[in-house]
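Once you've had a glance at the structure underneath, I'll fire off some questions.
Order of writing sets the chain letters: A, B, C and D. Residues in each chain are counted from 1.
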């Protein structure tokens, strides 16, 4: 009723990203001043960005989920103390100092958000995607998650199923332990890792099945 | 502050703009801003002040600018406030790079410093603190969220103020952002996950099979004893 | 809808921008938009639908565009909805005037029609209606504002939902915007001025010597009987 | 604490108003289509705009206030039934079909706003100024009117005085009957009209005194 005309995506990060020259100059100004004042080293930008571009990403979370699917004891530890359980796999760090893993079941679907900013469990999921950080998702997922998941994420959570929304407002970081897809019981941990998508650990998607197209969410 | 950053429940923001594949950074400047933020914070701008700085963007800028421009904004303002930089320095230097976009950056090689930042990211920076006070609430306790409208930083979202919920989990004590963001100390308090019935939060039209969870510092909450309850009138 | 137009209490919007002297219209196009709105509404776009159309602007546009651009937006969308115009007509014609800004407007002289609009403005268009139902509330009655979050148009501001007030005045019945804006009829209801203690509305830090008044349709309110009152917990 | 850096005025209608060519073209497109479809007459824009540019404005409200100051019976009628009392002066019409006049006293200062849009009593005050219609005033006057009046309107309402804020959310239009400035008791109704500003009837100002500068609010 209130959205019967098409609103644009704002900010439109789908459009050809042509950097604003003023912003580029502001960044260089800040960078050069931080270098001069001894706060920043010339190597820092590449080293820090590399960490999240090459090492810390949703594959970490997928490894923990695959282990939980195949090792019931690990699953219990992951639900009881995710920080310690992840540490067993060498996973941890900034924005994952305190974590809670919420388990999807036949009765409950979980989904995470940060309405106030962009909190996200970096050590297990990497840095958040743009849509997670921008206002539209944050505004709607807490109010009518079922309609949003159906309308924009192609995820149909049946009306009978409870949706639990976890708004990360303090320093506890939530993420979702998805249900293992039926028919994958015989797969190895390594094969299962390939099925576990970032979105399935946010709660805006489900794990792939072995016959899903490769690009499936 | 009651800013537009506190966006939970706001209608009319349009599509989510899901992008199946996207790079971690759309532009090199975003990569630089992300990475610089850690040494910048280490220089004396705490995470709560960093977040509050973003909230002080004009709502139009907040809602229309690329995400990492928020981080750039709060670093510029915050590092002026901590005294590391001056506005004049930033203005002059920005003009210099506008006039000559290909001007080289100063070189300051320090691989150990870069490695120290990476080590810091790998180990984290816990906001958890040990305090003497016992938690005031236990799982299952009914609570009412206070109707607080502080002028400064808070992590108490507008959509939950004045609402009744139930303590879902007790997490221990954490640094209190409402003071820490303003240089008023860590003043750690117990933090609870509170769960809310969607109809309590969003009114009679809400999807009854959704539950909102939100982490609350103890001073955001008051106990409900269950005997007196005039807000039951809302449900009639 | 819970849009950003519902702006009462939002922080961070910057200075008011008081201008001691200003023309009634800053630009001729604003004058045209203002004046056209009355024949446009007379053609079948009611005032409540007109207001709701403005609420459907993207928040960034709502907060950054000149005021009469809001009126232009709602007329464009609304007159397409009423069927008077098509989007294609508007698009093509706009392109024509972009290509040739000095192209003449069609001439359609009708002084009597112009005079009729002026007569309409001089006499007004009351939204007051006579209804059989007696008002449910009388001055002095304590009321609680319902926590309603309709998806469509409403005149119930967010800053007062869930708050307790006192009936200050009873005004008679008026067309109900929440239905009228959506073609669901006038469904008139009694309207009341409700007064609110500022601390009830804005919390413990509020200026205690301010009082908020707001006009409420009857279905926005429920009676408080005064016996049960768990929200007193908020004041502790 | 939260506004320690200077925010711009948005929209910046103080800046040189250079019309957006797209907006100008959209207006002409709509105007030309309404003309062609017989909804609009060529004379309508000028006739309607003239009404508010030349005839209906805050002088109407000032006439009613000056009458109320000099005629106690009229004042009673104005407070009891503003629509009828204004009709005595030939004042009335669109956006003034139902009005309430709120009286300033030694104990109470009144101020009006429309947080949801831009409702305003046109027949007595004309069309609202830009600042009344834009978000900043609407957001702040309901929450901390005393600080806003002091900070941006140079109006000091003493802490002991109650401020009543009237948010015009339905079709009742509010406006303020200001207090007569001390020392103006001997002035004629015509002289008093000159002292009664638009802002004094919104509640963001007080009437002028005979020795105020001409441009005083």
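Here, contacts are C-beta pairs under 8 Å (C-beta built on N, C-alpha and C of every residue); 3 or more make two chains touch, one makes a residue touch a chain.
This one's a predicted model, so the numbers in the text were calculated from it and none came from an experiment.
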Tell me which of A-B and B-D has more C-beta pairs in contact. A-B
If you line up contacts by residue number, which pair in A-B, B-D or A-C shares over half of them with C-D? Let me know. A-B
Centre distance in Å when chain A and chain B are each reduced to the mean of their C-alpha atoms: 17
Roughly how many whole angstrom separate the Cα centroids of chain A and chain C? 39
Distance-wise, how many Å sit between the C-alpha centres of chain A and chain D, to the nearest whole number? 51
Using the touch definition from the top, which residues of chain B touch two or more other chains? 1, 3-4, 9-14, 55-56, 58-60, 63-64, 149, 151, 202, 206
What parts of chain A, by residue number, touch at least two of the other chains? 2-3, 7-8, 10, 135, 143
So in the complex, which bits of chain B are touching chain A? 4-22, 24-27, 29, 31-36, 38-40, 42-43, 51, 54, 63-67, 69, 72, 75-76, 79, 84-85, 89-90, 93-98, 101, 103, 105-111, 113-115, 117-118, 120-128, 155-157, 159, 169, 171, 174-175, 191, 193, 195, 202, 206-207, 209-217
Residue ranges of chain A touching chain C (in the complex, touch as defined): 1-5, 7-8, 10, 135, 143
Show me the residue ranges of chain B that touch chain C in the complex, using the header's touch definition. 1-4, 9-14, 55-60, 63-64, 144, 146-151, 161-163, 200, 202-206, 222-224, 228-234, 236
Within their complex, state which residues of chain C touch chain A. 1, 3, 52, 55-56, 58-60, 77, 81, 149, 151-153, 182
Where on chain D does chain C make contact in their complex? 2-3, 7-14, 17, 19, 21-49, 51-53, 92-98, 100, 113, 115-118, 123, 126-127, 129-131, 133-140, 142-148, 152-153, 159-172, 215, 217
